[in-house]
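Below is one structure, written out as structure tokens, with a few remarks after it.
Note that the chains are named A, B, C, D, E and F in the order they appear, and that numbering of residues resets to 1 at the start of each chain.
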Amino acid sequence: MMTIALQITIGMVVIAALLNVYRLIKGPDAPDRVLALDTLYINAIGLIILLGITLGTRLYLESALLIAVMGFVGTVALAKYLKRGSVIE
Amino acid sequence: MLDRLTFPQPYLSLLLFIVWQFLSNGVSGASIVMGLILAWLIPQITRGFWPERRAFVNAWKLPGYIGIVLLDIVVASVSVAKLILGGREPKSIFVSYPLELEHPLAIAILASTISLTPGTVSADVSDDNKLLLIHALDADNADEVISSIRERYERRLKEMFQ
Amino acid sequence: MSLPLVVLLPFLGALAAPLFAQGGRTAIAIASSVPAIIGLAALYPHWATLADGGIVETSYAWMPSLGLAFSFRLDGLSLLFALLIMIIGLLIILYARYYLKPYENVGKFYALLLCFKGSMLGIVLSSNLLLMLIFWELTSLTSFLLISFWTHKKDARRGARMALAVTGGGGLALLAGILLIGDIVGSYELSVVLASGELIKNHSLYPIALTLVLLGAFTKSAQFPFHFWLPHAMQAPTPVSAYLHSATMVKAGIFLMARLYPALAGTEQWFYMVSFTGMATLLIGAYVAMFKHDLKGLLAHSTVSHLGLITLLFGMGTNLAAVAAVFHVINHAIFKASLFMAAGIIDHETGTRDMRQINGLWRYMPHTATLAMVAAASMAGVPLLNGFISKEMFFAEALELNLPGIWAYLPPLIATLAGIFAVAYSARFIHDVFFNGKPKNLPIFPPHEPPRYMKIPVEILVFACLAVGMFPALSVGPILFAAASATLGGPVPDYKLAVAHGFNLPLLMSFAAFAGGLLMYSQRKRFFAFHERFKEIDEKAIFEAFVSRTSELANGITARIENGSLQRYAMLLVASVIAVAVVPLTTMGISIGSNGLSPADWPTLIGIAVLVVCALATAALHRNRFYALVLLSVVGLMVSLGFARFSAPDLAMTQLSVEVVTIVLLMLALYYMPAWTPIETPAGRRTRDILIAGAAGLGMTLVTLAMLTQPFTSISDFFLENSKPGGGGTNVVNVILVDFRGFDTLGEIAVLGIAALGIFAMLRNTAMTPPSTDSLGNVWSRDAYPMMLQQVARPMLPLALMISAYIFLRGHNLPGGGFIAGLITAIALILQYVANGMSWTQDRISVKYHNVIGLGLLFAVIAGAGSFAFGYPFLTSTFDYISWPVVGKFEVASALVFDLGVYLAVIGATLLALVSIGRLSPHSAITSRSEHQATVNNEQGESH
Amino acid sequence: MSTIAEYAIVILLLTGGFFTLVGAIGLARLPDFYSRLHGPTKATTVGIGSIVMASVVFFSTRGEGIGISEVLIVVFLFITAPVSANIMAKAAMHMGIDPAKGTRGHPWDQ
Amino acid sequence: MNHWLIAPILIPLVGGILQAFMGYAPIALRRTLGIATTTLTLASAILLMGLANDDSYRLYAFGNWQPPFGIVMVLDRLAALMLVLTSVLALFAHIYSLGGADGNNRQFHGLFLFQLLGLNIAFLTGDLFNLFVAFEVLLIASYGLLMHGEGKNRTVPGLHYVVLNLVGSAIFLISVGMIYSVTGTLNMADLAQKIPQVAPGNLPIVQAGGMMLLVVFGLKAAILPLCFWLPSAYANATAPVAALFAIMTKVGIYAIIRVCNLIFGEQAGDLSGLGMDWLFPLALITLVMGVIGALGATNLRKLFAWQVIISVGTLLAAISLNSERGTSAALFYLVNTTWVVGGLFLLADLISGQRGTASDQIVTAPRMRNRTFLSVLYLVGAVAAAGLPPLSGFFAKLLILDSAVPGTVRTWLWLVMLVGSFFTLIAYSRAGSIVFWRNVEGHLEEPRKLTGTIAVPASALIALSLVIVVLAEPLSRYVDSTAAQLHNPAAYIEVLKTPMVEEK
Amino acid sequence: MELAFAIVIGALTASGVYLLLRARTFPVVMGLTLLSYGVNLFLFSSGRLATGGQPIIGSTEAYSDPLPQALVLTAIVIGFAMTAFVVVLSLRSLADHSDDHVDGKVSDSVEPEKTEGETGREDAKS
């Protein structure tokens, strides 16, 4: 049962990621793309955790944690560029 | 010189110590020792970034606050999900929320809370920290948004920070 | 011992010459004479051996592997040439003493002259062909420098370069020829080569070898069609013309033919190539000499003609002709050197060499005139003078030449015709200069006799003309015999050295030449008028045009090929890779290895589809830079997910951190750059690029597919087995990085550190003006540091430090490690810069990133060098498990220190790089005060 | 692993997946940027929260001791998500991106 | 294990690290430490050459891990030769930089030493991937050095150089991947052992990988059609950097020699002599291109930069003969050309300092100061570079010509080399006579002072061609033995059996 | 799975190479980044693909090949350093030539054309 639930969940997250990619490509504006990317990072966190459960190992959790940290900084940098131009000044 | 040996930010140190226990997947002799070392060392290293005095006054109210927020998140998520899946056009609104909080950290926490709870996003804080711009996904009017936030979150935060 | 001494002494003299130049012209002339005098004395004891046909040889090893030895050989031939070189050299030194002006660079002149002399002696005394070639090319070089002695004269420079090009180029041909001979014979030693004549001549490579050697000889000896450089070399000071271009260097080619006569001569090919070249040269030189108004021009073309004569004699291939050739070498050297010196005196005293201005000098300088006339008569072949005897021998040999049919008349005819010209130009030299009315517009008037000692060399040479002419057997008999026998390398034919051989056909030819020559001179106006109908060819101009055209052409080609276009260079690189890979890969085809394909799960396939789409979209939509950057981020994210999916947690983390830092970096750059990339590549080129890119992509796909499906064993089992027991860690990747292959990691962090230092250095003093608006034309937001971000960024720092401590400490056993930890710390600090600005953050960071980099590298090195203390190699790690109360058992590993180095280097490098870019922003003009002060102090320190 | 734990995991997983998907659908189909901003910052946090809790339960009930470090991921997301939303909203307002027709109130001038 | 083996690595590494710390230290201190480091590196290189002279292979296993598992340094004659060659060049270039070229960049000495570090690792390493790392170290340092100095003219050539080399690094990695995917190892000796045993089905992958590796080395060596980044980059670098760069192309050459003799050497079965049939014609075309470039050069630096290409063509032509004699001749030529061209780049700088705005352009200009001294240096350098007697270039060229066996290859080799020499001669004589002799009246702006700091290193490097002539025999003996050692890879493979340090 | 993976590498290489051949520094840098992604994945896959075979001792039954992973890690770091350098070099080139053309030339500034199929504000205003 858990395996099926896991498969379904992975499927839902993957479809969510696809929808995000759709938004990313469609835009229409730069902030939409950043938003889509940011969401994609979060989906990736989910996928990594699900992978860990599937494999029965905790070894990938730190990757997920790292995506959270890095995704945030990436989003901030992209968004700050859009409004301020210079990211570090 | 002696202050070099203390915990300059006790709350921070406590937080770090707890975080370390989480990272270590539970409490053990080694994790306590290491957690203490890091909880002391890291604030020492970063003390330049924390020139201000400690901000919290009533920290014990924090868990309760978090509990409420979590609950709201769960409840409101469902309604947002309905909205999204339902196909009804949402009635969006921008609300300028007059802040009563003054401490920047408190404002940040409030703004975060608003963003985390479904249906609202805090889009901006005015330069003078007096107004909060909120985008509500589906709300009837501004006053409704303002009063619910004021009542549910800002009041509690004021208690913590004053 | 004496032979190398003879050769080397002039070079030593050349080194000393500039010192003696301080003492004036006399001092340096005397000093410069010493090498030749010692040389003559050194050769004297060997005479007895040589007169009997003996040989003196000395050899020292130099490069045996190459067959090159420092070996010398003295026989009759080399002795004859050595004597000419040294004796005429001495006369030239004396002559030049008076010829050169006191203000001229006499030190340089004598040094070069001595170098040349040494090189020339080297050619004639070498017993090793390669050694000879070295000296051969040295004479080209030194003659180049001597011709251009008056560097301010354009014609001198051009003449010199032309001479160098022709003779140097010929030297290269000679080099090839010698190498071929060496290849045939198996040695470059003269004794072996000369003894292997038959072997050489019967070898299939003989024609090529001969051609190449003759090319060397002909260019050096100014044979047609390479003769043109010699007249232009007359821009040299006259002592140089007299020495190099009449007596010695141009004879080097002749010497070579004489030297290799036993090895190469006597075949049909030799006959045709050498004799016809000689004939052509003889005639053309003589003809042109007639029409030269320049004294030295006349002499130069006469020299060309006489060199042709000698060549023709060698070409005939008979032993007697060879003897005549050797004899004429001597005679020509004597009379031509004296004529050049006389011409130099006239030039010296009148200020011009134009025979149309110089007339009637008999009245002003009878002594010189007498000398010049005797020498000129010898050149014309007047009896009782040396020129006559060898010319008679030449006529006789011309008659002997057995060409088939009517061609048999050609050689005597040409010989006589050349004789006519020779008489005519000699007559012109005598009559036009010393008689023929009064001088016209001489720059120096009236001319005087030159200084007494300037005439002595001429007198000596003219005396020699007479001596040889009247007493040939007595004067040159022995040396001629010795030289002839050495040339032939065997028995010398019977020949008679006599003033006259009675009335015979050769004498008749001489008379015809005299009559014809005088007649021609008397009718010179008509001939001049005839000649002037032809446009004179200026070889110098042609050569210059050739060089400059070549240069321009080369420049044009270069500019077309090396056009400074990165797009082209990159295309070539990619195309090269495709080209070299295509052959092996097409033989392979699309092959799926024996392992076959493993099943795919659809979430992974969707992820892969996203990756592929975003990668292609990045390329397709790259013109909108921000958009492309976002797409690139997706690609990076998917790649790191891919690493996680395929069992590489460390890679997933590393890729992710690096990708984000890269994106931040690109954002920083994009600020200053246009937001859009214009379309400027033509559609055709874009199609080409797409094809190339597609081919590269297809190739990589095929290779990957083939690779992934092949069974495989690797050395990695060792790592898996030894990671824990040997390296003390369960994360094998980390143990490889810090232990098994720790040296790679050391290099890697060095790269990172160097990159950052380089970036820092590169951006110093760089000023950039960022755009004031974004791509939509909006003025940038004033809000540099959003409050929310500030509030959250600060607690992120200790939190991130905590996480990086965690990632760092577990790295040895679980995914993580110094690198990832370093990037987390760096990212947390970058966030501070983003949220709070440059100066705010910089004020709170008391360390310099340079030092952090240095410290990181130092930690790594120290961790590595620690093992020296225990006698182990660099980077040998050690670890132990320690049990403490409360804490329990934990591991202490030296690799952790190494990893700490990695951690620090990563932080330092990443931040130094990003901060260096951030500093470009005008908003951050004020950096922290301490930094600023340090810069100021240091710049003050440096300016002292 | 106990059945209760397994049920808990299944429920948590499906909840997480569901909300993640809902967030993405919101991002895909809500009419303007400001509305789309709600999707990820809300549903996703719940989605990931649930998935993480599933992971916690899963690893803590395997008899290898508890595994709670992934809770930090959620904490981290909760701290950062509002800031991301805030700064993206600021960027959008700076770029003058208009809200959908029918939105009351108006964005601030940046 | 003899720790001296890694002295040429550790010395510049530690020196470079110290320089990183000393970015803000007084320049005198930085200079002193910098030169001391280079001198020590040279000393250690000479020491190693002494060791290598006994024809044995010496192994240094980092971390005490038995090869092929750990990274090893292997000292043989070739490695020692390259180390000495590099250190000598580096020392003179480094001294020259004290004449002021090291100013305006606090990191100059650090970058210089790191460049040495990368070079020395590349020459010593016995591991394919570590060679990649070494390349990256030396490249990143060279990028920094290339951009060093004032003015804007070096940015674009620098960018081209960097981008192309980044692509080159990517190709290197692909090659490593391909080779590893079949052989499962990275150690060169182990590769030499495993390549002959590769299954036929896998051969194309290794073959394509090997060929791509050669493309990378060809890019570093600047072989046609991958050489066009070089002239502008070298011509625009500051003098000591350009001089040091004389060794950079030789790293590519070194790698080709090493890999082709060891991994794809005589024992390599189907892959023996990989790429050699491509190499020869390309080498000759490179030579021709170099000569054309030299003929068309409008300034001395460009002329010397094209001379680098000529050298590359010549060297690779000799190497592609794939014979012991060819290799030996190539090595002899390598020594000569590296030093002389390095010296010529320094000389170009000296000359341009005396000619005001005319700089090193091949144009008429006011008569320069110190003309005699500089023209003699030019003469010597040109003669040595163009391969005229009596200087070392001639011997080198002679060895190469002599090493070819009769046949079509030899005919082409001789033809191209000799005709090339002829046009090179024209190029040098034209440039020299214009620069030194074609003067106009008039005054020159303040000429640069010709101090010993800059004059001595330039003269010394050029004068080394004379030293080579005198020491031709020992040098040729050394390179002969080196070539013999290279063509006997079986002995190299034995290093795999070197015992590690026992546990105490 | 192998085919899909191979296609990924092919797509990354093709996109990277195409961008590498562009005339502006920024796309070239992006191309290099894409190329290095492809190369890293390729080098990684030289140890073959495995699921759940992370080379952490004790974590699984069959470990995937750790060596390529370590090599790729080194390659990623080096690639990062190089990318940083080339980005800064592009900036320097832009500063020196006031143009971001890879050959430093000041080009006749071409107005960006509108890409088909892309609509919206960015295009409307640019």
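By our rule, a contact is a pair of C-beta atoms (placed from the backbone, for glycine too) under 8 Å apart; a residue touches a chain by one contact, two chains touch by 3 or more.
Listed by chain with UniProt protein names: A = K+/H+ antiporter subunit F; B = Na+/H+ antiporter subunit E; C = Monovalent cation/H+ antiporter subunit A; D = Na+/H+ antiporter subunit G; E = Monovalent cation/H+ antiporter subunit D; F = Na+/H+ antiporter subunit C.
Quick caveat, the model's predicted, so the values are computed rather than measured.
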Touching subunit D (Na+/H+ antiporter subunit G) and also subunit F (Na+/H+ antiporter subunit C), the following chains: A, C
Each chain counted as touching subunit A (K+/H+ antiporter subunit F) and subunit E at once: C, F
Most distant chain from subunit F (Na+/H+ antiporter subunit C) by Cα centroid: C
Which of A-F and B-C has more C-beta contact pairs: B-C
Geometric centre: closest chain by C-alpha means: E
Subunit C and subunit F (Na+/H+ antiporter subunit C), separation of their C-alpha mean positions in angstrom: 41
Chain centre separation in whole Å, for subunit F (Na+/H+ antiporter subunit C) relative to subunit B (Na+/H+ antiporter subunit E) (CA means): 38
Chain centre separation in whole Å, for subunit D (Na+/H+ antiporter subunit G) relative to subunit C (CA means): 70
CA centroid of subunit A (K+/H+ antiporter subunit F) to CA centroid of subunit D (Na+/H+ antiporter subunit G), Å: 10
Two or more partner chains touched - positions in subunit F (Na+/H+ antiporter subunit C): 20, 25, 28, 40, 42, 45-47, 51-52, 54, 56, 59, 67, 71, 74, 78-79, 81-82, 85, 89-90, 92, 102-103, 118, 121-122
Residue numbers of subunit E (touch at least two other chains): 129, 133, 136, 140, 143-144, 147, 156, 159-160, 163, 167, 174, 177-178, 180-181, 186
Numbers and ranges of subunit B (Na+/H+ antiporter subunit E) residues touching at least 2 other chains: 19, 23-24, 111-112, 122, 125
Complex contacts: residues of subunit C adjacent to subunit D (Na+/H+ antiporter subunit G): 774, 776, 778, 781, 783, 786, 788-789, 792, 795-796, 799, 803
Touch list for subunit A (K+/H+ antiporter subunit F) against partner subunit D (Na+/H+ antiporter subunit G), complex: 1-2, 5-6, 8-13, 15-20, 22-23, 29-32, 34-36, 38-39, 42-43, 45-46, 49-50, 52-53, 56, 58, 61-62, 64-65, 68-69, 72, 75-76, 79-80, 82-83
Residues of subunit B (Na+/H+ antiporter subunit E) touching subunit C in the complex: 12, 15-16, 19-20, 23-24, 28-30, 32-34, 38, 42-43, 45-46, 48-50, 104-105, 107-108, 111-112, 122, 125, 127, 129
Partner subunit C, residues of subunit F (Na+/H+ antiporter subunit C) touching it in the complex: 1-31, 33-34, 37-38, 40-42, 44-59, 63-67, 69-74, 76-85, 87-92, 94-95, 100, 102-103, 107, 109-113, 115, 118, 121-122, 125-126
Contact set on subunit B (Na+/H+ antiporter subunit E) toward subunit D (Na+/H+ antiporter subunit G) in their complex: 19, 22-26, 73-74, 76-77, 80-81, 84-85, 89-96, 111-126, 133, 135, 137, 142
